[in-house]
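To keep things simple, chains are lettered A, B, C and D as they appear, and every chain counts its residues starting from 1.
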Amino acid sequence: MSRIGVFTCHCGENINGTVDCGKVAESARGVPGVVHSVDYKYMCSDPGQSLIKEAIREHRLTGVVVAACSPRMHEPTFRNAVAEAGLNPYLCEMANLREHCSWVHEKGEATTAKAADLVRVMVEKVKHDQPLQPIRVPVTKRALVLGGGIAGIQAALDIANAGHKVVLVEKSPSIGGHMSQLSETFPTLDCSQCILTPRMVEAARHPNITLYTYAELEKLEGFIGNFKATIRRKARSLDEKLCTGCGLCTTKCPNKKIKDEFNEGLATRGAIYVPFPQAVPNKPVIDKLNCTYYKTGKCKLCEKVCPTGAIRFDQEDELVTLDVGAIVLATGFKLMKTDQFPEYGYGKYKDVVDGMQFERLASASGPTAGAMKRPSDGKAPETVVFVACSGSRDRSKGVPYCSKVCCMYTAKHAMLYKHKMHHGKAYVFYMDIRSSGKDYDEFVRRAIEEDDVSYIRGRVSRIYEEDGQLIVQGADTLQNGRPVEIKADLVVLATAVQAQDGSEALAQKLHVSYDPYHFFAEAHPKLKPVETNTAGIFLAGACQAPRDIPETVAQASGAAAKVAGLFSRDELTREPVVAVVNRLPAPTFSYCVGCFLCQSACPYQAIEQEQIKARDGSVIRTLAKVNAGLCQGCGTCVATCRTKAIDIQGFSNEQIFAEIMTL
Amino acid sequence: MTGSPHPSAPSETLKAKVEQATGVKLNHCYQCGKCTAGCPVAQDMDLTSCQILRLVQFGDPAWDRQALQSEGIWLCLACETCSTRCPQEVAVPKVMDFLRAEAVRRDLAHPRSRDILAFHRAFMDSVRATGRLYEIGLVADYKVRSRHFLKDVMLAPRMLVRGKLPLLPHLIKGRDAMKRIFQRTLGVKP
Amino acid sequence: MTDTFEPKITAFVCNWCTYAGADLTGTSRIKYPSNVRVLRLPCTGRIDFMLLAKAFARGSDGIIISGCHPNDCHYTSGNYHARRRWMVYRNLMDFMGIDTSRITFSWVSAAEGAKWAELVNEVTEGIRAMGPYTEYQELAHAGVE
Amino acid sequence: MRIGYYPGCSLLGSSREFDESTRAVAEAIGLELVTVPDWNCCGASSAHVLDHQLSLALPARILALAEAAGLTELLAPCAACYNRLCSARTELEADPAAREAISRIIELPYQGRVKVVNILEVLDRCQDRLKAKATAPLGRKVACYYGCLLVRPPRVVAFDRPEDPMSMDRLMVLAGAEPLAWNHKTECCGAAFSVTRTDLVARMSGRIVAGAAKAGAEAIVVACPMCHSNLDMRRPECNALLQADHQLPVLFITQALGLAMGLDPVRLGLQRHMVPALLQPAAAGAKA
């Protein structure tokens, strides 16, 4: 006869505000099998937990139901508590009175009644709980970092310095990411490449880091501690061992008219190219789509001039499979393009540029060598207008969220411009200035007070070209919306930060969830900001949400710490929520009839065939057998099984049946 | 402006009425001023579109009155530039339409709205009577209502010789039906 | 309780998408009717459709089955299996005299708190309009149980 | 091809040349126009100022009549009518209750089956036939002026992009003219203020005329009677304000196409304009 204890939590007013917890505890006492039921202000607090522990000893409880928040929140907390009291942790279940009841319903009897129901359901489940032992699985102490921007580099370095192997995969020909494109960085105005390049080199040289540039994740299988990743190394058409990076080929390539991605289309490159001078690795790559040889079968000039004969036109993509124990996602972001703005000319005006393009115009390594020249005619812009919130906080044509970094980089852009052209005029159209961060607001004030940047509070309605100038139509909402029209030589749109292309597909490969804008979703908005809801996969940087460099680096180190923590053990325990095939004494052996429908249904190839042999070695029966290491506990096999021979621990037919019977 | 707003009961505020009648969510407006920035007549308005929205957002009767008394609401041409570019999908012209009607109902319409109103009423009277617009009738009627007798006197003859002003109205058959339509919507007299 | 009919809705949801989504509804404090009782499963692929018959027999007036969106399944393909199997079971249930129009399939991701609330609202209203589902209970008591 | 036709009030009066030229061009490309029987005024820019219900009822009656006449598509050349009809249709589509209420008001069943199209949309479809007929290329620089009502609000009228539309420009290329890239394609002309606030109209229309002239246009092409009367009839006021003497004519799209097809200018009603618009095709020389 089971002896169940029910513990109802008020969660302060969070539950008790709409649910009468006293009543819930009361009604639980009436449920057969319940020998103890109390309510308390904060069950998850120490006194709350000891309340449970003492009750277990005192009342010799065989099962515990904690009626509190979501099991996704505190199940581990309470199962540990129960274990400390000597009860098997899997004999503890939670009834979700907060997220699924008190927070979503109005105060009233119906709500309290529902809460009582939820408790009853769980009591019935606990009655059918079985004591389970966690499963131990080995950990492969090698991490996979996807994305070679500052986030990926930082995470890789921290993991590597913790003494673990790291594979850093970057899809473009060089690591460095967006940060390598920036001119200076806020709020200190130190040169981006000066602080980034050493890290890039360190990452490349680190004995624990293997660098795969121009490569992408093809496929991922397995689970925490035991992932199997397949990486596609795209053909550079080059033997990297022979190439010395002399760059002769890039200078000789006859095809010079290709838009240079690194310079955001403000300069051109050849078909064989190194993305930028400080690239790591400093080895060229042939852009097959634009290479004359690949298109026409003629040319091969680069091959002729290469002193070491490193060019390999026949090179093919290579698939590498790796065993890794943890993964850090650091695939970054993209900026909305200027052609997304009808009222700003659908991108047809050359002198309407986005923030990243302005970075290149301001950068010493950029197409203008840092001199202020506008794209259309190279004229030095006397008047520059910066438009914040371009596409951000725009539910009708852009994205509804705030892109977070624009306020700061717009102030920086205006400053950089004023520092280069003291007599020039800089205007910033803004809605709000969001400069919360160490020395951030001071930085914005400096732009306004010292560099005399004119901030105008209002959105820009239209931009059009007239007599070689851009007419910017805005309004000053601090003057009751008085219309403001500015003739500008250059307009910089602080366009919205968006999820990197292909984020959705990648998330689906990895089975991590993502938000409606395809940013990867953290496991908990506050308490698990670097975890995903897939164990062993962590997040760093702007692939999760718009982030600036300091935040990105901090989060990357956070993710690295999580990985190091995971790797600090040789094996890890997994929830024993796995399928099992029932076994019975001879001659029945099992209900399993060996149809192996389960095998075809299992997404993890976790179901094996087991032969039952007679003494003479002849096979009597062939039964299904679950490999607990591979099984992830989805239960698809259970639902497919005709004879109910296979069941899943923690969500057994018996348990769910019991839950339904209490409805 | 009056001092701090003194909201009246939510249900009967102008805000509530606007939202109920137009389906526009006034709280969506975050005062970015983009509507005014693109408005072709903003410079002629005593209160600009974003100011008017601001006033009505609060539910303060005194501020509501300011909005209703403004000339701005009468200058809106419903060119839809604002609503097309509004980042928050606020249909400003719909709000303006409602505020004009409400201003007339509460007898708060701005003095200079007289002519504009006179024109629209003359226009609709003509339609009520014949089913279609009878331009000469409209012009004549408008002149009587607005007392701008001499305005545009040179235009009419030039239009006549170009056959742009038919001297007789087109009468449609369903005139009675039209009258009833006006009754059911505008009430007896617009 | 009011004298108006309050339908009893049972929801079979997966742990990774819809259960988390429903949690988000809570953290976002979005309100919905208290008629729904959520049963948490690892995956919609786990659902044995005979359990639905049981739920109806126990007095559910409507049932929601909700998991991850296509391609988003935490277990790669559980939601597909569920859908495929449903195709088969539907006929069987019709045969058993179960009104399958009282069963609603949906996809609610961990990020769709608002969608969960909408779903519950729609289903609750829909079932309220259909009225109590006594037919099958009688049938069940007549011997199916 | 057969299509419902709603001329609207201005096309019977101040802008009858738009009606004339539309019919002429339609006939030339074998497009049969079926006029809605006993049609009424759409309410133009006045009804919605006075009463919302009225601004729904008037267009609804027209659409209901078209429905009753078995029409599935209704051409409204006047941009104002087009816009009013579309707005009413969109609003009623979203709200069954309102549909019933309106049916009661107009004493006719309204189902909203008739699709409303504007002149550019229709001509865009007939490109092949236009190309075949356009034998007298205009060979002139033109500024295509769309105004407000044809392109805004995009939720209601979505046949071309709201900023910098191109459909009329494409048609002008067919007519052998050179459409210019200019900045006032969709600026407001002052519309209904023509009579009441002529001062504003002069400024707004003046800006447009000046803009077209600046871009080097020899004519402005429009598809809206209100735009036309403001740019044409109000030209003296515009010029006075601009202290300029802009004489570039304002043609309806159908007049421009008609000329390109070698139709008789008088049949196209060019003699009716205030600003002389008897354009001869460039072939015959004589610039306007």
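The rule is short, and it goes like this: a contact is a pair of C-beta atoms (placed from the backbone, for glycine too) under 8 Å apart; a residue touches a chain by one contact, two chains touch by 3 or more.
This is a predicted model, so every value here is computed, not measured.
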Between A-D and A-C, the pair joined by more C-beta contacts: A-C
Rounded Å distance, chain A centre to chain C centre (Cα mean): 30
Separation of chain A from chain D, taking each centre as the mean of its C-alpha atoms, in whole Å: 52
Centre-of-Cα separation between chain D and chain B, whole angstrom: 23
Touching two or more other chains - residues of chain D: 162-163
Residue numbers of chain A (touch at least two other chains): 343, 462
Interchain contacts, given as pairs of chains that touch: A-B, A-C, A-D, B-D
Touching residues on chain C, where the partner in the complex is chain A: 1, 6, 8, 10, 15-17, 19-20, 22-23, 25-27, 29-34, 37-43, 45-49, 51, 54-55, 58-60, 71-78, 81-82, 85, 109-112, 117
In the complex, chain B residues that touch chain D: 21, 40-41, 44, 75, 77-81, 83-84, 91, 97-98, 100-101, 104, 115-121, 123-124, 127, 131-133, 135, 139, 142, 146, 151-152, 155, 158-159, 162-166, 170, 172-174, 177-178, 180-182, 184-186, 190
Touching residues (chain side chain D, partner chain A) in the complex: 161-164, 183
List of chain A residues in touch with chain D within their complex: 342-343, 345-346, 462, 464-466, 471
Of all residues in chain D, those that touch chain B in their complex: 9-10, 12-16, 38-41, 43-55, 57-58, 61, 104-107, 148, 152-154, 162-163, 186-188, 190-193, 195-198, 200, 204, 233, 271-274
